[in-house]
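Paired with subunit B in one complex and with subunit C in the other, subunit A is shared by the two complexes that follow.
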Partner chain A sequence: MTWAVLSLLLAGAGVTAAISVVSVIGGLLLGIAICGASLARSRALRGCAAVYVSFFRGVPLLVQLLLLYHALPRLGLDLPGIAAAVLGLTLCTAAYQAETLRGGFVNVPAGLIEAGRIVGMTARQIMLRVRAPIALRLTLPAVVNEAILILKASSLVSVVGVADLTRTAQNIASSNYRPIETFAAAGALYLLLNIVVGGAGAGLGRMVGRGR
Partner chain B sequence: MTAPAIRLSGVCKNYGTHRAIDGVDLVVQPGEVACLIGPSGSGKSTLLRCMAFLEEHDDGLIEIAGDPLGFAPGENGRIRLPDREIARVRRSIGMVFQQFNLWPHRTALGNVSEALRFVLRLLRPAAERRAMAYLDRVGLADRAGHYPSQLSGGQQQRVAIARALALEPRIMLFDEPTSSLDPELTGEVLGVMRGLAADGMTMVIVTHEIGFAAHVAQHVVFLEQGRIALEGSASAVFRRPWNPRLARFLETYLDRGASMLIAPEQSDGA
Partner chain C sequence: MNLELIRASIPEIIDGLGFTLLMWLPGSALALALGLLVAILRHYGGPALDRGLQALLGVLRGTPFLVQIFLLYYGGPFIGWDFDAPTAGLLGLSVYGAAYFAEIIRGGLAAVPRGHVEAAACVGMTRAQTLRRVLLPEMALLILPSTINMLIVLMKETAVLSIITVPELTAVITGIGSLHFAYAEAAFMLAVCYWGLTEATGLLGRGLERRLQRFRLA
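Entry: the complex of A and B
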C-alpha cells in the first residue's frame, strides 16, 4: 500500500466522516421536531409524524437515496450528489432518532414530573428542566448507536456518485487490482472512525450521566 | 378563629366506574399530625394526592387554610379555578413521595434549590444558601454534591423532605415515605419526620408504620373502601380497637412488632 493510495483513502474517510456528522446532527434536530409533533395534542401533527416515520423507516435507504438523486432534478432542484446524499441520510436518521427520543420522553417516570408540579413548576419548565434533560440522558446510548449505524450506512452514498470511503476504495481496487488489501484498509478506517464515535459517546455519557 | 389547615367535605374520586374515594369529610387542624391508615386499595394514597391536587377530585370541596383547592362552589355546581390560583393555593403544600422522585440529573443541592431558583426566582447564591440550610436540617449538608444514585434510599428520602421544606410550606403531605426503604433505613426518615412534628408542622401521613402513627399522630384516620371507617385520637383508635375491621387490619401487623402499640414508645433508631 503506497502513500498515494493511503492518502486517497484518508480523503474518502474524511468525506464519509463529514457526511455522517452533518447527517446525524441534522437528523437529531429534525428528529426533535418530529418527536415534538408526535407528542403534540393535535391529531394532524401526530398523523404527519407517524406517516413520516413509517415511510423513512419502511423504505430501504438505498432506494431512498436513488429516488432523491433522480427525483430532485425533476423538481427543478439540481443538487450535487453529495447534497442528495446528506439529505437522504438526514431524512432517514431523523425518523429513527425521533422514535428513540419519543421513547425517552414516554419513559420519564411520572413521579419525576409530579415532583415538578408539586413544587410549582409550569408545564413549560417541567418540559425544559425535567422531561427533556432526563429523556436525552435515557436516549444518549441509542443516539450513539444510531451514529455508528449511519456512519456505516453512509457507504451507500457511493451509488449517487459521492467519493466517500467505499467509493474511493472501489476506484482504487479497480485500478490496482488489489481489492483485498484495499477493502481491508477501508474496513479498518471505518472501524477506526466508529471507535472514535463510540469513545466520544462514552465520554459524553460520563459527562452527563452521573445521575444514572 | 382560624380556618383548619385542611378541610375536605364530601370529596369523591372515581377511576372510570370505580369509586376510589366515596364522600370523605375530614378536618386537619394547624399543627396537627394526621395519619391515614387502612388496607391497600382503601384510597388513602388517592385521598392524599387529592389534597395536593395531583388527582382532581370529582365531587366535593377541598379547602387549604380556608382557600378552595382546584374547584370552588359556584351557582350551578362547582367551577374550576384558574391555574394560577391553583398554583397559589398549592404553594402552602409540600409533598414527599414513596419513590422519593428526586431528579436524577441534579445533585442533592440541585434538587433542593431548583424550585427556589426557577419558581421562587431567587438568585442562585441565595437559593443555594437556603437549600444548604435545609439539607443541614435533614442531616445531609455533607452530601450536597452527590447525585441521587450516589445516596442510600434513606438519604434520598431526606433530600426529598428538604426539597419540600425549602419552599416553606404550611402543610406537609407524606405518601408512604418509608415503604420503599429497607427496614434499617426507615429510622432516619421517621426521625426527621418526628422532628418536624415536634416543631409544630401540620402533617398528613399515609403510612404502614403503625407504631409511628400510634406515637406521633394526634389524629388517626382509618380508611376502608374509599370511606372513613373510623377516626379519632391515636389513643382512641389504637389502644381500644373495638372496631372489628380495624382490629382485623391491626392484627396483620402483629407479626411485625405491633406490640409497640401497647408498649411505651421505642426508639426507631433515629
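Entry: the complex of A and C
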C-alpha cells in the first residue's frame, strides 16, 4: 500500500463522509417534516406520510438510486451524479428518521405535557419547550445509529458513478490487481469513520443529557 | 416500457425472482444459524472468546456489505476461494446477516428472566436442557419482531448482489431495461416488485407475531 494509493483512498473517504453528513442532516430536516405530517390531524397528510415511509423503507436503496438517476433526467431534471446520490440518501434516511422521531414524540410522558398545560403554556410553547426537546433527546441514539447505517449505505452511490471510498477502491483494485489489500483498507477507513461517528454521538448524548 | 415488452420478459423476470428468493431465504436461514452459534459461544465461552467475537462482529457491522462482497468475490480467488457469483453472494449475505442476528439473539438471551433459568436449575435441568427448553424458546419469542425486521433488511440487501453479477431480480430487470433503452421504466418496475415483496413479508411477519402472542409469558 503506497502513499499514492492511500491518499486516493483518503480522498474517497472524504467524499463518503461529506455525502453522508449532508444526507443525514438533510434527512433529519425532511424527517421532522414527515413526522409532523404523520402526527397531523388531517387523514390525507397522515396517509401521505405513511406511503412515503413505507416506500422508502420497503425498496432497496440501490433501486431508489437507480430510479432517481434514470427517472429524473426523464422529467427534465438533469442532476449531476453526486447531487442525485445525496438526494437519494436524503430521501431514504428521512423515512427512517421520521419513524424514530414519531416514536420519540409518542413516548413523551403525558404527565409532562399536562404539567405544561397547567402552568399555562400554549400548544406552541408545549411543542417547542416540552415535546420537541424530550423527543429529540429520546431519539438521539437512534439518529446516531442511522448515521452509521447511512455511512455504510453510501457505498452504493459508487454504482451511479460517484467517486466515493468504495468506487475509488474499486478503481484502484482493478488497476493494481490487489483487491484484498485495497478493499481491506477501504473497509478499515469505513470502520474508522464509524468509530468517529459513534464517538461524536456519545459526546452529543452526554451534552444533551446534562440538562436532565 | 410498454406492456408487450413486460409480457415478453415475464419468464426472465420469474427466473430473477427465483434467484432473489434463492439468495434471500437460504441466506437468511444460514445467517440465523450462524448468528445463533456465535451468540451461544459468546454466552458460554468465557470472556476472552466473548471479546474476540465482539471485535469480529464490530468489523462486520462497521463496514458496508458492498465492500465485504467485493473483498470476498474479487479478493477470494487470490487466497484460493474461487467462488462463482451466486455462491459468493450467498456466503457474503449469510456472514453479514449473522453479525446482526448474533447481536439480536444475544439481546434476546439476556432478556430471558433470570428466575426462569434458576427455576430450571432448581428442578434439576442440566445446562443443555435449560438451553433447549427454557432459554431458546423464550428467546425465540422475544426476538421475533427484530428477526422479521432483519429478514426485510436482508431481502433488500440481495439487490446489492446484482453488482457482483448474481442474476437476481435487480440484475435481470436492469438488464432488460438497458437492452431496450428503458432504464427509468425498469427501475420503476424494480421498485414496485421490491415494495410488494417487503410489504408482503412485513404483513406475514405481523400475522405470525399475533398468532404467537398467546405463548407470551406475562
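Following the convention adopted for this analysis, the second predicted complex is superposed on the first by the 210 of 212 C-alpha atoms of A that agree within 3 Å, B and C clash if a C-alpha of one lies under 4 Å from a C-alpha of the other, contacts with A are read in each partner's own complex, and residues count from 1 in each chain.
We take it that a contact is a pair of C-beta atoms (placed from the backbone, for glycine too) under 8 Å apart; a residue touches a chain by one contact, two chains touch by 3 or more.
Only a predicted model underlies this, so the values are computations on that prediction, with no experimental measurement involved.
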Q.
Quick check on the superposed pair: does A:V208 touch subunit B, subunit C, both, or neither? Answer first, second, both or neither.
A. first
Q: Could you tell me if A:Y190 is touching subunit B, subunit C, both of them or neither one (first, second, both, neither)?
A: second
Q) Does subunit C touch more residues of subunit A than subunit B does, or is it the other way round? A) C
Q.
Going by the contact rule set out at the top, does A:Q170 touch subunit B (first), subunit C (second), both, or neither?
A. second
Q. With the two structures laid over each other on chain A, which partner does A:M127 touch: subunit B (first), subunit C (second), both, or neither?
A. neither
Q: Considering only touches as defined above, state whether A:A142 meets subunit B (first), subunit C (second), both or neither.
A: neither
Q. First (subunit B), second (subunit C), both or neither: which does A:E114 touch?
A. first
Q: Name the residues of subunit A shared by its contacts with subunit B and its contacts with subunit C.
A: none
Q: Could you pull out which subunit A residues touch subunit B in their complex?
A: 109, 111-112, 114-115, 117-121, 125, 129-130, 133-134, 137, 208, 210-212
Q) If you look only at subunit C, which of its residues touch subunit A in the complex? A) 58-59, 62-68, 70-71, 74-75, 78-79, 152, 156-160, 162-163, 170, 174, 177, 183-184, 186-188, 190-191, 194-195, 198-199, 202
Q.
If we count contacts the way the header does, which residues on subunit A are in touch with subunit C in the complex?
A. 54-55, 57-64, 66-67, 69-71, 74, 148, 152-156, 158-159, 166, 169-170, 173, 179-180, 183-184, 186-187, 190-191, 194-195
Q) Hey, which residues of subunit B end up touching subunit A in the complex? A) 52, 54, 87, 90-91, 93-95, 97, 99, 101-106, 114-115, 118-119, 147-149, 160, 163-164, 167
